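A quick write-up on the structure given underneath.
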């Protein structure tokens, strides 16, 4: 059995882990995986899917870089009777065009993070700074929306500064530095919400270098649950993270196997758990469990 | 004196920018002593400006030879990855730095040979390393962010000497050192000669090939330094994002520094002032607190204004405008006078 | 053969050779499906590369095109979403806009004697920034006319699709060939590429030509943006990042000198198809990791350029004796 | 008057190139424009054709005031121009260059076949047999010059301007050109002719206008002038020992100890293997027709294109001449023919251009002290009478002849033992011309050997101790001592018509 996998790229550790796990899962099941790296470009992904179709693969996994613009290529796949499974992000095409989508609800992730913060600060006044993901990317938009929904009930919590950190550590650190400068050397900041762990890790360094204690002086909550954030949590420098599992391929392959065996239609959306981890959830152990997954 | 005259436009721009940012963010020029080091937005700019400042030094030399080096951002990623990898392998600080610098030399040598020996045009030659180099960096880090906790290496990113951040020292010393080397030896003139007319220079016995390769190696070395700073800064090598698109900032810095992309006369000091201008814009945007989606437009507009104001033709146009305005006024006055008669 | 045709011949020969090698490994490469895909998937790139060829022939460079394509997609999508205008009207508006944008850059380049690299770099930031300001979301396009455009294809024997946008690209290349090689404007472009001072003394109207060159590139970028929006049925401000560099690489592989003054629009088509072929080959192979993909693309690029140089030198040496 | 220029003024930063110059050109006359290097001839022409913006002054064409702001406008007014630095486009084909801006069109598109035919028609009468669809860059300077002339002639409805058109032409081509010019004059065109060859001026022109330091000195009928007075007008002083066709330096009976020996030196497709010995202090001349392989012989000796066969040796053994650097360290020097592309480094100052080769030989780590550089520069500015506002002026802003002098200065400063000069006096005025020939004598007296390539036979006759004649990329004859006369050289060159090389 041959399955084509059109991956977005390798722009973050999380995505590298997803690629690694997908390969592992395929190997375990004896599937021949055709891997294509699109380097963050939708046009490359579309071209890759077309090539998969031309080659006559049995199924296609697609981690779409953006939600829109997949109709015609998905139609082509359908005409060629090749099932397509979406990984970790959604598309806005008609659901009949793909078999199923495996992923988490990005808005929900942000909401979980927001609710954690509401619980953590109690009724205290809290000025929050936000590190956004890449401007225009769907995780950045959805995680922002979700977080705002999460804190919408609490009037004591207010987002005072919000800037993009491009999902990277370096930018996370640089932007955090300017937040600290702008907010009275950090004294006026109560919490940081970062759209991914990498930016949070960068920001933690900036906070430490400014002479403050991350995790205590400034609460830190972020999303993804990559190994390094657990290390920071174990050191008491980060407070909470929401897991986005990189093992999207497992459920996808299961659904495909069932469909191929007897035509079982899976549900249209297989949602992975958005689990919240805090300092109480054995961060050191979590780190050990994850550090070899290719993050 | 002549140096001051050369960099006057850049200095004036910087002053104007500082005034502009201070308007949006009043505390901009505040500097305090905390834990024996100076902190404040200005210090941040000096520190954050290090990668582009370092890249601009090498880029100035490359551009002086009528070339361009698009690969510096990628080279940063590779050298940073090499540094982090060697540290995590336990090689110690010295060897890690040496390996990273050597990698920079190798990258420069590759570009230099493609340009000077094989005669591939600089944009394309360096584009090859630009696209494939990130793959090499990822090969080193295996696609993950390679973190380390070696304080010695981290010192190059977040340490301070005499209260001033290490990266600031690094770029100031590099720029000063290279500028001095260029003017105290004959290198500056020979590089300019090759940039203006390679054929004529070669006929006059200038070893253009070696000089070109050397210039790309210098650029690779500067990129290696920048890569070390970037990696040390976040205590990890981020092969995907380290130095991403920084080559464009570096080229911008060189041009804002008043250097011609057509090669020839160059000033390293002006280039690093250009880098400082860019960093001031970047930090200023962050401090001013506009929504992220405006960042690009603001930066583009500011850069355009700076370039337009500084462009040599502009003074010419001003001159003409003034002259025609004067002439118009004169004819108007003459007409008025005649009416008065 | 006239020596000036050697680079073109080398490009075509290498492309043919590469295809033969690919086909030997994956016979499917010869199917009309792959041919159709090559044309469709690279339609936007081919169109924008035609504009880039003209710019490069004049000794300039246009870094703004990737952003302009993204802006175009967003502009079309937002206009169709928010106004009742017919897509054709929106296209016309957009083309006026991008042509004007290109012309403005050309004017700056000429009037301020600033290097094109820098002016168009600022243009690149500006166009993408403008796209962000329209929307930061990806906007789907849902219009009957778009469905029609999308379904307009000719099914070749072997199930390959010759799509409308693929045909538009081929027509654009033909148009570009006429503009560059068969008009006085084209002659002026080549003249500028040969040296501005000399061109001026030959009687080239430098100001007008410079503005026209960048306006043409803007027009092509706008058209490419439309094609891209048909291709993806959406507009997305983060789309086509770095496309300008791909286009430049395609132009160079196509045998055009980056210093200007020598080259062929037809070569650019071959260059674009060569890039597409590399991409297709890597997908067919399907075993490369993310990082090796990048490295191999770079190395293949280098191999093409070196082969071309080698062939050129050989044939020149032969023609001398 | 066909053309009247009134009080034209043009200033460059630091130089007043033209100072209220008046000039009249009648229809049906050939008007010479004379003056030293840097007198302002080219600047006047460029102001007239809109290539430069003038500061003040009026231009009347056929009695109406015109003010071309671009060369295209000037062309539309019927003014065809050959600029001093042949300004054609090497990347376009000959046909494209010739028809540029006036391409024949069909259905709105350029018709390449008609274009070729038109180009061939334009070249008729110039005695060129070339493929007009090849790139111009494939042809030598001289051929390009003829093409530029053909283009200008075709463009000139009223006025034809030729700025040093004969600088790299040999006598045969010059005769052809003069025939064309006389024909146009008889058709009633006004022709401006700039040249430093006074013989040509007396031969061709009806009137002469002399410029000195940007000011008009005089306009007179050529027939009323004699050579001495003309030179006085130009230089503002009398010139002793001007080199003319009759003056002949002759060092008969003198012998020169052998210093260099080339044996079987050659390269396929460039120059057939030749033997050549060079004596210490000797001046060798290389004569031949255009494209005969003189420049290529020189390039071979200097390692610009490495030789494939043969060897070069001196007393101490075989010399490595595989690259210009190797040749320089063997004590060679080479002032190339195309100064714009191979000679000057335009953005650098006169000083830097003079010390460039010297500095390159010392290596980057041992910079010549600034004071030493200045001394050298000022020295040569004085010796060669280089007209510049100072040693720091970018060489690109010097007049053509002065640029040539700087390139010569660069190589003289190196003090090589064997110096190759390819068309060293191209575009140089009479005064400096004499100066340079005297300089050649001086340096050879101190032991330097020189190889001069020149299309001007008088010059070769005047300086050379031995003349090698090159034909069809072969060294075919050697003429020594008293036998060096115009007649013998021309005979050696011309015998190609009878004798077919193997």
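Think of it as A, B, C and D in the order they're written, each chain with its own count starting at 1.
Going forward, contacts are C-beta pairs under 8 Å (C-beta built on N, C-alpha and C of every residue); 3 or more make two chains touch, one makes a residue touch a chain.
Predicted, not measured: the structure shown is a model, and the values here were computed from it.
Peer 1: I want to compare two interfaces, B-D and A-C. Which one has more contacting C-beta pairs?
Peer 2: A-C
Peer 1: Measuring centre to centre with CA averages, how many angstrom lie between chain B and chain D?
Peer 2: Chain centroid spacing, chain B to chain D, equals 43 Å.
Peer 1: So what's the Cα centroid distance for chain A and chain D, whole Å?
Peer 2: 71
Peer 1: Determine the centre-to-centre distance between chain A and chain B, using the mean Cα coordinates as centres, and give it in whole Å.
Peer 2: 34
Peer 1: If you look at chain B, which of its residues touch at least two other chains?
Peer 2: 138, 143, 293, 295, in rising order.
Peer 1: Identify all positions of chain C at which a residue touches two or more other chains, and write them in rising order.
Peer 2: Correct list: 132, 136, 289-291, 293-294.
Peer 1: If you look at chain D, which of its residues touch at least two other chains?
Peer 2: none
Peer 1: Tell me, which pairs of chains are in touch?
Peer 2: Taking the chains two at a time, the touching pairs are A-B, A-C, B-C, B-D, C-D.
Peer 1: For the complex, give me every residue of chain C touching chain A.
Peer 2: 26, 28, 31, 33-34, 37, 40-41, 44, 132, 136-141, 150, 228, 231-242, 276, 279-280, 282-284, 286-291, 293-294
Peer 1: Which residues of chain D touch chain B once you look at their complex with the stated criterion?
Peer 2: The contact residues of chain D facing chain B are 302, 304, 324-325, 328, 334, 336, 341-348, 352, 356-357, 359-368, 410.
Peer 1: Give every residue of chain A touching chain B within the complex, in rising order.
Peer 2: On the chain A side, the touching residues are 10-13, 16-17, 19, 132, 135-136, 161-164, 166, 168-171, 173-175, 177-178, 181-182, 185, 198, 201-202, 205, 209-211, 228, 294-295.
Peer 1: Which chain C residues qualify as touching chain D in the complex?
Peer 2: 2-4, 178, 181-184, 186-187, 190-191, 193-195, 197-206, 261-262, 320-321
Peer 1: Quick one: in the complex, what on chain C touches chain B?
Peer 2: Chain C reaches chain B through residues 61, 108, 111-115, 117-119, 121-123, 125-126, 128-130, 132-133, 136, 245, 248-249, 252, 257-259, 289-299, 301-302, 305-306, 309.
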